[in-house]
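Worksheet: one structure, shown below.
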Amino acid sequence: MLDAVRTARPRVQVITNPVAQGYTANMLLAIGARPSMTSSPEEIAAFIAVSGSLLVNLGILDRHRRDASLTAVEVAREMGVPWVLDPVKVDISPPRLDFARTLIGMEPDFVRANHDEFVGLGGADTGEEAVRHFAARNLTTVALSGPVDIVTDGTRIVRIANGHPLMDRVTAMGCAGTAVAAAFRAVEPDPLIAAAAALTVMGIAGEVAAAASSGPGSFAGAILDALYGLDAATILEKARLT
Amino acid sequence: MLDAVRTARPRVQVITNPVAQGYTANMLLAIGARPSMTSSPEEIAAFIAVSGSLLVNLGILDRHRRDASLTAVEVAREMGVPWVLDPVKVDISPPRLDFARTLIGMEPDFVRANHDEFVGLGGADTGEEAVRHFAARNLTTVALSGPVDIVTDGTRIVRIANGHPLMDRVTAMGCAGTAVAAAFRAVEPDPLIAAAAALTVMGIAGEVAAAASSGPGSFAGAILDALYGLDAATILEKARLT
Amino acid sequence: MLDAVRTARPRVQVITNPVAQGYTANMLLAIGARPSMTSSPEEIAAFIAVSGSLLVNLGILDRHRRDASLTAVEVAREMGVPWVLDPVKVDISPPRLDFARTLIGMEPDFVRANHDEFVGLGGADTGEEAVRHFAARNLTTVALSGPVDIVTDGTRIVRIANGHPLMDRVTAMGCAGTAVAAAFRAVEPDPLIAAAAALTVMGIAGEVAAAASSGPGSFAGAILDALYGLDAATILEKARLT
């Protein structure tokens, strides 16, 4: 899938928070995708028209980006462009949670969340059955990150045990990881496979980068280098899927 | 204090300029704090309620962030959350200076400024007596950065001679340093001690990072690595306080 | 020219997209210039008054920054501050293209574009004659980036064959490169020479950085280090101008 992205160089339209924009763009470029971050209402349709997928991230949400997100999702659905949702910190902010629920009703290809966000969204807990149930009830795929990531569409389930603690010490790492998943979705029709592959590749890149880093500052760059250089042999050797 | 932050992992609410957001978040993560950058009026109270401190930075100020800053400071004061002010470039922009004066009247725990900003705020000069006088008159603590940093609450005074010239060649380094001070304030009730400790730790991290860098690009990451790895022995060995 | 910037430390006022702000600021600091990123209407004039040049970048354009750009260009022209235009992705967005055409009518010192943007602006193709013709017709200098960069004012022409493919794998690299050209313009009255020197220096820094990098993550920092350390001997040795 990484090879497919490197060859096809899909354009990924990203509506995300200002903290995450630069790092997300650099991560998409590192895997060979072409990022666009525009969110103005008069321009968004033109950008989605040339994109392979759309990512909507709710971090640091303001009214402007909220409106842009709705417009973007509507346009993407009309055009048949797949879209994915990253409901950042919905567990803290009630108005953001309401908005996330509205968006989940608009049929994202998958929703990526961490433990707190998933419980905030209404997951009973983050055990496998609760996640599977949530996915089935909401007719979407859930990619739940944690010590062991869980990806499920309500029927099938993938568990991924890759990753490194330094990934939690770089801002926007999760946001950028969801962008990688969105890029994979642009070249892979099955949302579950796209999301699971992205979390696996991110986790392995994190492990490779940690071995070459002396802290979160060097790690932030090293994981981009790792994604850029990652090959099939390393992925097959290091993937810990169950 | 660094150990206290690493253990308590306080949430720090930051209202800052878009250039500084990513680097500030990464610096807070490097020391173990948890950053939040939200500034929308409908969400800010929910975030401050779970925060240990608030930082208001006036760089690249616009109307939206000006309003958000006022709301945030009011909420923080109601909730008893300490807050600190970074009046970026008030010496250049008269409307920004007016706003900074309004905020100083709202009793920040400390104000961090460089030479030009301090004189812009009405400091007679940046000699020790002028800074001490300004702090006493405004009932706040001043953390003045320069070749030798000065921190004073109008009575006590600390001078810090740590740091490295490369710190002036990375954007948002000062903004991020104030965020470190805000994180320290979340675990230390005395604003003078929190600010002085933060400037000391930042200066030492800058010296450690410079020794491992070949220019401002590698330095920007290396200082995050240094903050992440800094231990008490290194701080005691390198601190140059008078 | 790099020495002149390092000595004079010109202030460069930049109105650019949020993805590019941090990296652009760091690149300006790396070469010794002093960046300012303010774009609020009530403050922009005060900042331009102390600036040596102005850069207007159209990436991720919104209404607020569109208005700020117009105001800034008007103020710069009144004050005699040179200004330059980076019409990012005008080939994709028709409203952005209209706005770029309005700005080109306001006599930028030079316009920097890649192949798609230049054709979007109305260039017949990106052969030398078409670029020269466009520059002559629009009374400006064009700096066209590509495998071989072309800089022309309609009469004179410079071709620059420096650079490295990793430059396309870091977001905002082009935006930041135009900022370097704006900084050079602050110390060099001839727009063609300023733009050509900047593209040459950027290309050489890219080559030096690539030799010290293991991918786009380390490259992003290494090119800042390279710009910070670049000396006349290296530039003379590596420049490939025709």
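So that you can tell them apart, the chains are marked A, B and C in the order they are listed, and the count of residues begins at 1 in each.
As a working rule, a residue touches a chain if its C-beta (ideal position, glycine included) is under 8 Å from a C-beta of that chain, and two chains touch if they have at least 3 such contacts.
This is a predicted model, so every value here is computed, not measured.
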| item | value |
| --- | --- |
| Same-site or different-site touching of subunit B by its copy subunit C, using the half cut | different |
| Rigid-body rotation angle, subunit B and subunit A, from Cα fit (steps of 5°) | 120 |
| Averaged-CA centre spacing for the pair subunit C and subunit B, given as whole angstrom | 32 |
| Of all residues in subunit A, the ones touching two or more other chains | 18, 22, 220-221 |
| Sites on subunit B touched by subunit A in the complex | 18, 21-22, 25-26, 29-30, 35-40, 42-43, 46-47, 50, 64, 212, 220-229 |
| Contacting residues of subunit A [partner subunit B, same complex] | 17-20, 22-23, 59-63, 89, 92-96, 168-172, 213-218, 220-221 |
